[in-house]
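Structure below; questions to follow.
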Amino acid sequence: MSSSSSFPGLSTRRIEAFSDGVFSIVITLMAFQIKLPPIDSANAAQELPRALITLWPEFYTYALSFLMVGVYWIGHHNAYHHIQRSNRPLLWMNLVSLMIIALLPFSASVLGRYMDNQISVVLYGSNIIAIGLANYAQWRYALNARLVNAEIEPWFVKKVNFRMLMAPAVAVSSILVSFINTRASVLLYLALIVFYMFPTALDRFRK
Amino acid sequence: MSSSSSFPGLSTRRIEAFSDGVFSIVITLMAFQIKLPPIDSANAAQELPRALITLWPEFYTYALSFLMVGVYWIGHHNAYHHIQRSNRPLLWMNLVSLMIIALLPFSASVLGRYMDNQISVVLYGSNIIAIGLANYAQWRYALNARLVNAEIEPWFVKKVNFRMLMAPAVAVSSILVSFINTRASVLLYLALIVFYMFPTALDRFRK
Amino acid sequence: MSSSSSFPGLSTRRIEAFSDGVFSIVITLMAFQIKLPPIDSANAAQELPRALITLWPEFYTYALSFLMVGVYWIGHHNAYHHIQRSNRPLLWMNLVSLMIIALLPFSASVLGRYMDNQISVVLYGSNIIAIGLANYAQWRYALNARLVNAEIEPWFVKKVNFRMLMAPAVAVSSILVSFINTRASVLLYLALIVFYMFPTALDRFRK
Amino acid sequence: MSSSSSFPGLSTRRIEAFSDGVFSIVITLMAFQIKLPPIDSANAAQELPRALITLWPEFYTYALSFLMVGVYWIGHHNAYHHIQRSNRPLLWMNLVSLMIIALLPFSASVLGRYMDNQISVVLYGSNIIAIGLANYAQWRYALNARLVNAEIEPWFVKKVNFRMLMAPAVAVSSILVSFINTRASVLLYLALIVFYMFPTALDRFRK
């Protein structure tokens, strides 16, 4: 659909290819950050299981980041199912959004290492808020500049807006909750991923 | 084929592009993990060949991981030759599958370094089992949700199922064998790659 | 448009896919260079915010490189909207251009760390000049070898030339300014990015 | 062209996308291996230029690898302009070829660091020979299995064969020359890149 040439302006083919590239690199590089600490090879039989258990927070952070970046990739996928043309401002808005998404593994690794530290909850939450606002700005711009397909209906746009603003809203709550309990904040981020995994009425609206 | 727009739902174009990205990064980054240890430049003539020989297990692990990830890429390629549409659950199942595949270089490097240690055989085997189940779940879901092309025949599906479950079955056997001999377990993983290299009756079923 | 097969020669599909790959890797890897320095976990509450503040120049350099590589990606995107066919010299010119663009994160990181050092301003500026000349040579070649679509108008080509040569021109000025004040040189590079963000008359010339 | 669906078998779309991914990662990651050694920030003004000059062999190796991987990417591009269908053996042959190409940055870095050491000339040469044979086997297989378009002419195939076998032939010569002079061997590798840059009669044979 996005390669449709009946619309004026640039097609969205390359914006999608480039974004897919960035998403897949962000998501994959994290797996290569996980490294077995050097162990005493003399009694590796006992050291190896211990070393693997030590890595547990890294696997946890990996899954957390992978799935959250996955949420954004699926969101990008769905948004560009409707965005049919691109122009210079959209390219820049997309770039800025990717720039902030590429920082998520950093924020997630800080959160994973210092889960009891409020600063790391605030850092991760700020990243989620910044991505949410960048994505929302991009989507509003695409709507206003009529870069989306014409048949899109108001109820649909409303529902997309709601889903897009859910992530920054949860992040704000999570930051507030962190003043009481940082572990509860982290659980809110997990609940957010589960929320985005469930199908929505939007999914049925595709011809 | 997968760009066919006569089907409702999202096309599989971007799911393929994103997955190709992840596969190609996983497979290529491993080559960059191989690094020559620092050698005494005064008598490099004698030190260099010795250093290269020391790297032998890393080259071995590299080939083992590259070919196994290759097996999964070819499997993905073949599956999405038949899967014609995507929806939210499929996107998530694919993401989870890629998340586990991206951990294979880690498991393979542990296996490469501690080949005589049963824990590393179990770790690598668990990874293979987890990928196998994730891939199988994705394929069954695509069949049940009618995301595949309609003309697919029961004997074909049966054969695909068999091939998909072969890898986790061999991994279970390999883990059992590791209680007797870990080197024999590693040979089973090699035999698995050779199995997937041979053409199959499935390959002839393409118009 | 670029997949149009009514032109002789190779299509530009793969040159675009390959270039998108290079751009997305260059732009994303930079985010993974940012690493939290090891901090004293005993009093992480005080150390963590301090460590994050220490990283400030790295975030600054990250944004500077990301946006500048973004400028080149958008330029590539726009140029290949008009370039419709490729041949061996074009493939090589594109490769050389990408080879120099891939060095930009290195130059930017040197500039970020030694912002008061004239050498780093000269290094970064030389990189910008080299990219500008490589891109300009590629574009002139595509025009002369008639690899662009036929309807392109002289006023359009003139405007593209102007925009393309703006970056190396600013880099030359920035190097000259660095003899007086290196901070002013860095501001010129920032102004360059802002210049490329604004829409241009060229953007309206698309059917 | 390669997306033509009038042929039986799998299209070559994904084999190209996956290979483009691998090529672009191999080529880009090398730039991120270049790192400024830590310098005394007290007198950075004098240390910085010295540190940059120390990096010279790394830039040299970078250019050497980038251009040689570029040769293989352009060769792949040209081969798959004619290869129109894929099957399981072709997918595997392509994977093995990419596996060996991904090792080229390693060989090149060893050559760059130990340019006067015959072992490093032999290592780099062996890599070039292995890639050449893997590529040639893939091309012959595609011809024999009739995966190429039907109109391809014998004189064309002959010329492609010649060009493909040139690289391993030069590598064999270079290894032989290394018994006399290793620097002359390195020059032969440079001459090889220049050879592949020149247009050929093959380039005119495209409709």
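Side notes on the structure shown:
Chains: A, B, C and D, in written order; residue numbering restarts at 1 for each.
The working rule: contacts are C-beta pairs under 8 Å (C-beta built on N, C-alpha and C of every residue); 3 or more make two chains touch, one makes a residue touch a chain.
Since we're looking at a predicted model, the values are computed, not measured.
Traced through touching neighbours, the fewest hops from chain B to chain D number 1.
Look at the CA centroids: the one farthest from the centroid of chain C belongs to B.
Put simply, chain B has to spin 180° for its C-alpha atoms to lie on chain C, with the angle rounded to a multiple of 5. Distance between chain A and chain D, defined via averaged C-alpha coordinates, is recorded as 35 Å.
Our note on geometry: chain C versus chain D, Cα centroid distance of 25 Å, whole angstroms. Residues of chain B in contact with two or more other chains: 17, 21, 25, 29. Within the complex, the chain B residues that touch chain A are 5, 8-11, 14-15, 17-19, 21-22, 25-26, 29, 33, 87-89, 91-92, 95, 98-99, 102-103, 105-106, 109-110, 113-114, 117-120, 123.
Chain B makes touch with chain D in their complex at residues 1, 16-17, 20-21, 23-25, 27-32, 34-36, 44-45, 48-49, 52, 62-63, 66-67, 70, 73-74, 77-78, 80-81, 197, 199-200, 203, 206-207.
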